[in-house]
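In the part that follows, the structures are each spelled out as structure tokens.
Next come two complexes built around chain A: one with chain B, the other with chain C.
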Partner chain A sequence: MNEVTKIDGIGSSVRRTEDKKFLTGKGKYTDDINRPGQVQAYFLRSDVAHAKIKKIDIKNAQSAPGVVGVFTGDDIAADKVGGPICGWVVPCRDGSATKEPPHPLLAQGKVRFVGDAIAVVLAETAEQAKSGAELIDVDYEELSPVVDFENAGDGAQIHDEVPNNCYFDWELGDEKATADALSGAKKIVKLRVRNNRLVPNAMEPRCALAEFDNLDDSYTLHTTSQNPHLTRLVLAAFMFAIPESKLRVIAPDVGGGFGSKIYVYIEEAVCVWASKKVGRPVKWTADRTQAFLTDCHGRDHVNDVQLGLDENNKIVGLRVDTVCNLGAYLSAFSVVVPTYLHGTLLSGQYDIPAIYTNVKGMATNTVNVDAYRGAGRPEATYLLERTMETAAREVGMDPAEFRRINFIPKDAFPYQTQVALQYDIGDYEPHLDKAMEMIDYFNFEKRRAEAAKRGMYRGIGISSYIEACGLAPSAVVGALGGRVGQWESASVRVNPTGTISVFTGSHSHGQGHATTFAQIVADKLGIPMENVEVVHGDTDKTPFGMGSYGSRSLASGGSAISKAVDKIINKSKKIAAHLLEASEDDIDFKDGKFVVGGTDKEKAFGEIALAAYVPHNYPLETLEPGLEENAFYDPTNFVYPSGTHIAEVEVDPATGVVQVVDWAACDDFGNLVNPMIVEGQVHGGIAQGIGQALLEDAHYDENGQLLTASYMDYCMPRADDLPSFKVGYTTTPSTVNDLGVKGCGEAGAIASPPALINAVIDALSPLGVTDMSMPATPQKVWKAIQDSQSVAAE
Partner chain B sequence: MYSTKYVKPNSTTEALEAIKSLGEGKFLAGGMTLIPTLKQRLASPDGLVDISGCKLDSIADEGETLKIGAMTRHVSVAESAVVKKAIPALAKLADGIGDRQVRNRGTIGGSVANNDPSACYPSAVLALKATIHANNRSIAADDFFTGMFETALEDDEIIESISFSKPTKANYVKFPNPASRYAMVGVFVAQFGDEVRVAVTGAGEGGVFRHQEMESVLSSNFSADSVSSVNIDSDGLISDLHASAEYRANLIKEMTKRAVGQIH
Partner chain C sequence: MGEISLKLNGKLETRDVADNTLLVDFIREHVGLTGTHVGCDTSQCGACVIHLDGVSVKACTILAKQAEGADITTIEGLADGDALHPMQEAFHENHGLQCGFCTPGMVMSAVEMVTKNKDISEDEIREGLEGNICRCTGYHNIVQSVKAGAAKMGGKN
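This part shows the complex of A and B:
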């Protein structure tokens, strides 16, 4: 292997090639792009949560300085533009379908959450548009707001199409078998947990710039999207009923998504519509307040768990009843997140012979809830790992040993769970052992005693998680109610000099694809990484692709690239065989050279590329010139990353402050392409999980006003909230894809919250504290300590 | 923000004339509260009078007192050798306000005049028996803070400087709001010989206040242990999303203990 390959290939911690522009402020985001003659859009939004609109008076706004146009829902309805669609639905227990109410681009007759768009004002400047919007007079008839999702069924009906405010009532697993298992159990552990509601808070707020070209009747939309092709498909085929070829969607540099930029939002569609209406480019940029109010939120579940154990503390059954808040309208993946991305994960890493789950998805007068880093899997992991720790405590077993005796044994793979998934491969004890070693688990009691001398309560908590990612086998997705395919595509173009342009359907908004994907190509072709350029994010340049979410870019997008490169190599061998006057079967490809086996006759990759484009000596009768290949990769199964995270905390009883003092993360992501990028993903994921467990909480008051609508009240994790993470790996390569890779983008956010809350409860267990909800804020922890002391005093 | 006029005079006299001529004008100091308020369209003054050109940026040791000009930025107080020598607790307080960007812009006069109930400086003004020097009169700290976001300043008055009495010992400890990192409770303890003053910010419904019981207990026995015996009444304390009145009462006691325990 030559030196270059060694540095650049799969497994090397190459520095991210895209970072130079980002770190020097040279990234080009949608808001950095301007078009001559563009107007600025401002959306007038409802400041009440639930109301009928009796009248909208736009007259004064229309004549305000700089205002170019003012439009309402009626204007859009007149042009028959549809609203955003739900991309995945599920059947209900009673055989009925998911209730899918319409979601008009601008409110028609009713507003359903604070932030619901009522009108759009277009003006020469953003300030003028905003001033114009202030002159619109909306006459509301206020209705009773529905905020408490657990009791939403008793509230005022939000949509005519959704009786009892229940979008769906879904189940998975064998209810009778589970009931039998639980009734025969020696012990049943019961737990009720709440998964707190989160605001995604991507660093770059959403933005859209739409332009209409009246010469060929086509649109161009620059937007903050994780999946520009999906955005184009939904906008063109479902909302505007125009050919896809008449809409180009470009998602340039995008500053984070975490799921919140998967969906088509109404603002993007209104900008597209308005750009034709006024004949000028239309731009809209959200400010942070609008991001808080209108980006889809995440989580917001309540789960009732029953775990049955036999006399040997082996799990015999699990029942989980979940109610989740989906907000005012169904969003693209809001139905699948709490169902198939949640219920199917309830077996965790454990051999559980009977599982049943019921999930009710409720409508409320809050903004839509959809996928957020982990999307369903953090909720499943949280309830399961909280329950595992509680069960271990109740039966008096060490939580690590309790997990160990219930793990799916190494030789049981492929393992069919009772909740639809089949895990292809895994080995769970090694990452538990390694994480315990990394954090020095067996000396913990010494550290607890030392902390006690300082007046601090020290605790340790484990989370052994599994997730299903790398979405996904299209046939499975379709069978489960998905309305899209879930393959990924790639096009690999070898340029005449042997440099490579990779066109991927994946989208990078922080993941480092330009580096990781280039490493795969460089490794496989034996060429320097700097000869590989990765192109993404423009529907006119890249092949149709599904985009990036669900930790799918490497497992699905990377595999498509790998397959396209294999095709390049196959064709190159044919060219080499011709040039070297040998049989194709005798050509070996290694380290960037095509060699006739057993001889010193060889051609470098660059020579093959040149021959393909300058085919003077070329088998034109049997082979096309040029060297460019496409691949579509549809996986046969999900990939299943797993791991164990262990958190160690100290609680100050005087203030209730929880300090995270140590963290060990041992993950099995299969093969790693760029360990440095993987470590960064793990760090970021844990930081987000710590944010959920200790700090973040989206809070609506009883009137449906979002009280935590700025950083004054919504607490994001900061560097000083985090410890230095210990990160380690075990490896069982995925059997699903050729690269043997799994996904790493969400694992940290999935694994970490239960580890942290388990540690807080462990710290307070000497006081008799057995439960703690997220976020474990200082006030809440202090109160739990006070309450435990008053109980003790009684 | 709405468009507005902007003037930048060279003296407080000119500044006062400018504000008179504007109708509903506002003095602009560091702008750490005013500018965000304007950007969110929560205020629409007829004009802004930027007083950063009025030569109010100064720090002087005047023997018994330390005098700081109204436009002195938090970073200047935090890093000043004069402040660190005269009243190190004041430098420590300034060093903990907001973040680096805020400390580079925010001013002592702006903070005191705004009297945000969660601001740090008002507690120092009250505990350190400060005198607020306005353009036409001087106001004792005890008479200055009249309620949440309210002070004794009239519309035609502007703070020029603040004189702090030098304590024997002093300390400031705050418990930051986890989200905003403003003081959820901040306690400034100052000892002047036999007299002890304890000022609490972040907690009172009426803004910063002195805690008389704590002061009398500490005057007779200046120790963290003596604080433990004080019963902190939660009546009149702020209760919000982040902290109940009871929790704030606990923090007042705890922060006072820490302030006394770590004092020097």
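This part shows the complex of A and C:
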């Protein structure tokens, strides 16, 4: 653990500065904002999954009460407004490129999923807009819907540009070396796992409020975004072909994201477009059903795994063949999630000499699939940790020991995996040991026996995960098909009285940046935290930045802030040297004071700030006045958090209900800036992982109707579904950044599903159960118990 | 349309609204108090919980008209001036909130739960919060917050 030197400095669990507004109802989310004269937008959406649109009749809607305008795809096309773009593409095995079909803002000639927007109705009230939309007559010619992504290649073609409904067929690793390794293996463990489809479900539904100012021909968009600058870039450069300066994007308080608010959605763009068209501000707020139907979903993979072992149970090779569902259109990061954020993680914490993976990304008549907390890494971890568990059982080893003998040894770092990544640092045995201690692993069998006396099946399951976050460096990202940079920006302004305003390109939607970032600045400058304000979320105020996703905010955004503060300190030393009539080399900076080494001559930080802005005694001939610095930080590598989570469950054979009775998480996030906030991130991630493993499943029927489109049907984790969590840490500081930090936002969601499913299987192992798919619902578990008993009876 | 009068955080509010106006829309859109949130359309998420005559109610489940003459407290009315309610303080001290969207409903539910049962147990807290969904915290720190809030409000657990 870090040495905590200051009560509100790095390493201290400072209570969050942003809390009070949220606790008193003073938060300002997009839907809380209204503009005089605004109209409300309602989107008419397709209620069929796949159809040609023969005719749209908007006449009756146009004359409905309160309706101000009705527009269709033809109106958008007439104004030559572009659609959403894909931010990352990959090459295919056959040398061809990823197939990128157009994604019109409003349907043009065809609808491709239930929820695809066909028309927008603007009216004085939301109710009038909705009533107006009901009067639109759409004449469809229905086509055969493609829902089963594994067999999508045989289905009706969804896009002219995407033959066999396959967006890409990508590979990574050495196929021949892996085949050779597997053919020489003493044992091959085979497993087929499915990563169930999830809906991110940030509690704040998406919302947009766009206004057009005809005096200077500019737009302002308030929107629920994790990255307002990217939103502005995509809207300005790719959709509307206007200078960025003509569009201000503000993401005020945002009620959770989890990936779903990374991308520019068609609704935001249509609101911007329509605000000029009707000359009034346009507001749109999703209800929860629209969120289910149109927010990008997550996961939805099937993986076929082959793991080869030698006579000592050491892994010799791994092959994974994956088919994944990307939905009706290619969303911004949909291609990178199952490829470079998934295939590259397949080595996990293990020393695997040969790895090969192939991933096919399929089009279906379901909503787009893109990043959801963990984004590719949970899928990789799930298949690997399920396979490790299965392998350990098959060779008769304790799952912890089987992992241990296959861990990358501590002295092997930096470690080059066979799937492109080079892990800079890690030490895996300590977090396995600590997690085992936290959950009292060695006394588990006593607890199992005690539970059995009560008629309950008790099980324990391990997951040792690796994560790669803070995607970088930009040049590598570009070489791999990324179309954006992966740096982060910060501007640190010292005000004349010595208070600080930090402008960050990161965005907080629950992560507590206002607190964590202020701690970094306060610690480095030796000033009280309350003297530091953190500004984010407004393109008119903050430097161009990439926003928050992929657990990058601290590793990339925090490091940018740290670098900007270093520049402030360097300039301040020059000012101090002048004021103290000393050489710059003799100035030391400590605890907020600039001191001439070996003397009692000193200047406080506040005095330097004042001198910079009131430069009456100042080296103006060599130094500019003022004290404000920018930093753009492009990391040299990913950061690699790792850890071990152990779940303990009890299964009630009468009902099939799985109760999570204990949870130990031991993570290595490098140095912690605010352990309280980190722990909260871990809790939230685990909860989402337990949701995936036990409760959540986005289910489309064979006609492409989403059967789980409300909280009545989609089972969200609630307080009484979850236990309290034991959270601990080990620390190997990242070597990539000066702060030694990694990332913690996604770890819980990455680690937890396999731990839980492994525990369920362990619980039922006395019955001969060896597999369980997610979500392990009571019905599924009960049926597995019944089936095992009928097998036993035969 | 019809006139609705009710007491909101101690102040009489009278508005002329459509008969089918939900109480939550009356509070958010007509009075302009936006601390009460709407997170779903099926009365499942609890982001809109308010107190109506001292009882916690999902404000999306009733019409404004049904609240005629009622005494309503929203999250904005919980603190005493600058002094936070003990439950608000407890959420702050125990990191019981992240994005803040579910928080008003959580706090309002928690206050009512503890008011009725000041010696509330962890199991009772988890069961009592069944109607409030949080996607950020995993509930661990919310449960800790409610426990701490209960202690501040005079509970013994």
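Couple of notes before you dig in:
Rule of thumb we're sticking to: the second predicted complex is superposed on the first by the 789 of 794 C-alpha atoms of A that agree within 3 Å, B and C clash if a C-alpha of one lies under 4 Å from a C-alpha of the other, contacts with A are read in each partner's own complex, and residues count from 1 in each chain.
In this section, a contact is a pair of C-beta atoms (placed from the backbone, for glycine too) under 8 Å apart; a residue touches a chain by one contact, two chains touch by 3 or more.
Computed from a prediction, not measured in an experiment: that's the story for all the values here.
Shared-chain residue A:600: touches no atom of chain B or chain C. Which of chain B and chain C touches more residues of chain A is settled by the count: it is C. Looking at the shared chain after the overlay, A:16 reaches chain C, while chain B stays out of its contact range. When the shared chain is aligned, no partner comes close enough to touch A:216: not chain B, not chain C.
Of the two partner chains, chain C is the only one touched by A:203; chain B is not. In the superposition on chain A, A:783 makes contact with chain B only, while chain C stays out of contact range. Of the two partner chains placed around the shared chain by superposition, neither chain B nor chain C is touched by A:94. With both structures placed on the common chain, the touch criterion links A:711 to chain B and to chain C.
The contact surfaces that chain B and chain C form on chain A in the two complexes overlap at residues 289, 711-712, 716. Chain B contributes residues 1-3, 40-41, 175, 178-180, 182, 241-244, 247, 250-251, 254 to its touches with chain A in the complex.
Residues of chain A that touch chain B in their complex: 127, 130-131, 289, 654-656, 695, 699, 707-708, 711-716, 777-779, 782-783.
Listed in rising order, the residues of chain A touching chain C in the complex are 15-16, 18-29, 31-32, 201-205, 253-256, 258, 287-289, 509-512, 676-677, 679-680, 683-688, 710-712, 716-720, 722, 724-725, 748.
The residues of chain C lying in touch with chain A in their complex are 28, 33-42, 44-45, 47, 74-76, 78-79, 84, 88, 91-93, 95, 97-104, 107, 122-123, 125-127, 129-130, 132-143.
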